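The structures considered in this document are given below.
There are two complexes below, and they share subunit A, which is joined by subunit B in the first and by subunit C in the second.
Let's turn to the complex of A and B:
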């Protein structure tokens, strides 16, 4: 019975808690966005979760370190005018905080004990230029995700831009290893869209925060989006299964080798890294849902390999 | 005056060179496609290759090649290039019988796409802003065999035989003259020498069909050729290269290049 309660809880929140607010997407790694100094509406410490059911989050104030100054946990439907859906604040409920914190610790150890050492060793053996090329290749191969989600968001110019990028990078970028489409002359911007964002633009809220083992920060909506993205990822269709796992693991090691230090910086800057990561993730996804394709103002495009 | 003499000499050799040569793709303009500061260039292209081989009898070979190209070098002096592509192979009348006693189900050898690789290097010396001259070497190798099957009757007895075309390769060495016109349009031409060969390996011998009468090595009929082409700058860093190689058979193709 106890074993069923957790999945049941997830399904409950998935079904009931997604009608409002925040963002999207699934980013299995450490958060790509810098930590925000406030925002997290969720309760950082399970001991402080009010015993009562959800209360309005309007009065909620949580600082980076999770000191809640008011009642929290709004599963609610705070509709704020956004790109298309209702997401506008970077607040999210965190009813699974004990589980999330445990998974955070697990992922943290996994990063420091396994992923980082492997990525560092890999980085010492493989020159950065080659690693950037590999990263370009995987990005190019993920074109179907971006293209289809541009179409699902009625972002037809973005879809055309993605198609152009894929064509140019595949044909003149040596199968995607190089990224001539990002050059000044061609200047086709990558449309960083996924199913989670698409659901967000349809008005589906994030629901609550969930930290998956291995996959990292997410939400019910982004988890559903991640499954959708899987169907559009070419490597998913490789056989046998361990080939897929190997490709995914290599992609992860390669991408980690290019951003060692990002997670460490975020962690060092925060007194409660869990809250910082959660906050950064939510902000990051919120930002992505609220823009339509391309880059947000101030966002730097990935440097082309020249 | 000195440059004009060189130009005249190159053109003369190119125009008067005997035909019969073969090549595994375009040579490109003498001046490297990379930017002047140096760097990479990439490209995709199509090449229709025709050639004549001989070993006792003569055999025409026709190929459609599509390829992707990657080069690195300095815009004014040198460049190395690699291509990977796929090509079909057609040997017209390869299964035609020379005797009435043998009849076959088809005349032509045909096989679909197989991988090939090409590597090349070139050096360029500009005489002035307009004219320049360069030399190049380029070789192609086919990683896979081509094969086809023929069946028929020999004196009323049915037969079936496979023919494999193995170890097809070539190497080319040449020199080209280049004139750079307005808007950086480049015209070029020059002569080249060439060697190519492949092995024809039948599964059984059939009297009356030259290529199916025992293992043979065929080589290109003549070793000289001439080539000419044009490179047109397009928008956004792309350029279009079109080239023809003249011999007993005419080969031609085009590619779109991008310089980083």
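Let's turn to the complex of A and C:
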């Protein structure tokens, strides 16, 4: 059995997919960018008001398109308010770029040739509500990761919330298939914590970027984090090893079936998809480390807009 | 009595259309988002042939809400000064088109997702973050609008989807491209992207 556990761990590790991959969902509320060669904003205005001397419009024009002056030249940290120093921008060292780019190609093909068709077929057979339930089940089963990492980050209210969620969802949510803890009445928020984030809160930086085959975007820190989290994933302790691998693969197919189109639109929107994915990953992880838990207390959501 | 009923119904109507006072920045963003939703839900524009009309209406709303030039400046950041005025103007137009191309289909595919206002976080007297989320059957997507007060109007200069800032994401890409290419080559890449290659 012991001999089996190492290969099992490797396979499991490989199949776990980009566990921290950002949900690059693009929402319907995102900006609709109008094109059409609407040349300069200042010009039509001055055209409407004939007495205005043309000098003025060119003045506003150079103003509008003028150089960025002074300290504002690098807008830098203004994008992340309240977080000065340390790693604030989305930049990361990428010494392995040639390898990472090759792995990006590999993962891209794997997605379009294998994962996506399988997930689409699965999605045709299994209704969405059932797939959401399956996803809830896996989320609930991964409770130890979130609970332990809340404790490791001294986020005790988060740990309590997680414990409450696990109890409620396991007992009243049919073993975790449903998520009554997130309902308005109970309103316990999922604390999306993992060991990579814990290491981040201890002050460990990402280091540099690694794009693993199958696993996707990561870094030395987050790779250690992923391995650490494996020990807290119940299915790791199943045997035989191919059962573990199967569970992991199924989880991946199920979650992919719920977000088909996300990766496609990210890729479509990007000028350089590899850089876009790398940056999205780094930004996403950075925010997660900075932000403890789901929402801070007193930040409960308000009513729907419409 | 009758007057009271009228007044009461008007007040309830107001209550439903204005979901909790949130601050001037949120009001500006939410008003535009609501206008956009109205266009998307308009039964008269359901037909495929009305797609262009819809797009045109959404463009107008985008113009009101977004500060194109500010968005481009922040995206290019220190590289902005390396472009000449003509290149900057073209960049703003091209970047707009790239964004429209990337997002318009997702926006037009809008069905019945709910958009929920979360909170407004003031950053400074002239800067704020409006946090919202889109709720679908299987997930919630947090979307934050970063807004700037300019000449009395709140304008969006960045959108953060699922913790990923649009401006920062494109900035990293443009930095990477401009480290190896000239501004003219960047514009050429964007022209090709807009033409769809």
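The rule is short, and it goes like this: the second predicted complex is superposed on the first by the 207 of 306 C-alpha atoms of A that agree within 3 Å, B and C clash if a C-alpha of one lies under 4 Å from a C-alpha of the other, contacts with A are read in each partner's own complex, and residues count from 1 in each chain.
Throughout what follows, a contact is a pair of C-beta atoms (placed from the backbone, for glycine too) under 8 Å apart; a residue touches a chain by one contact, two chains touch by 3 or more.
This structure is a prediction, so every number in the text was calculated from the model and none was measured.
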| item | value |
| --- | --- |
| First, second, both or neither for A:183, with subunit B first and subunit C second | first |
| First (subunit B), second (subunit C), both or neither touched by A:199 | neither |
| Which superposed partner A:145 touches (first subunit B, second subunit C, both, neither) | neither |
| Which of subunit B and subunit C A:287 touches, first, second, both or neither | second |
| Superposed model, subunit A: greater residue contact from subunit B or subunit C | C |
| First, second, both or neither for A:128, with subunit B first and subunit C second | second |
| Partner chain in contact with A:174 - subunit B first, subunit C second, else both or neither | first |
| Contacts of A:279 with subunit B and subunit C, given as first, second, both or neither | second |
| Interface residues of subunit A shared between complexes with subunit B and subunit C | 306 |
| Residues on subunit B engaged by subunit A in the complex (per definition of touch) | 39-40, 42-44, 68, 70, 236-238, 256-258, 260 |
| List of subunit C residues in touch with subunit A within their complex | 19-20, 30, 33-34, 36-37, 40, 55, 58-63, 65-66, 69, 73-74, 77-78, 80-81, 85, 88-89, 92-93, 95-104, 106-107, 109-110, 113-119, 121, 123, 127, 129, 132-135, 137-139, 141, 143, 146, 156, 158-159, 161-165, 167-174, 176-177, 189-190, 193-194 |
| Parts of subunit A lying in touch with subunit C, wherever the complex brings them together | 22-41, 62, 64-65, 67-68, 73-76, 79, 81, 89-91, 128-129, 131-132, 135, 258-259, 265, 268-272, 275-276, 278-280, 283-284, 287-288, 299, 301-306 |
| Subunit B-facing residues of subunit A, complex | 168, 171-175, 178, 180, 183, 185-186, 306 |
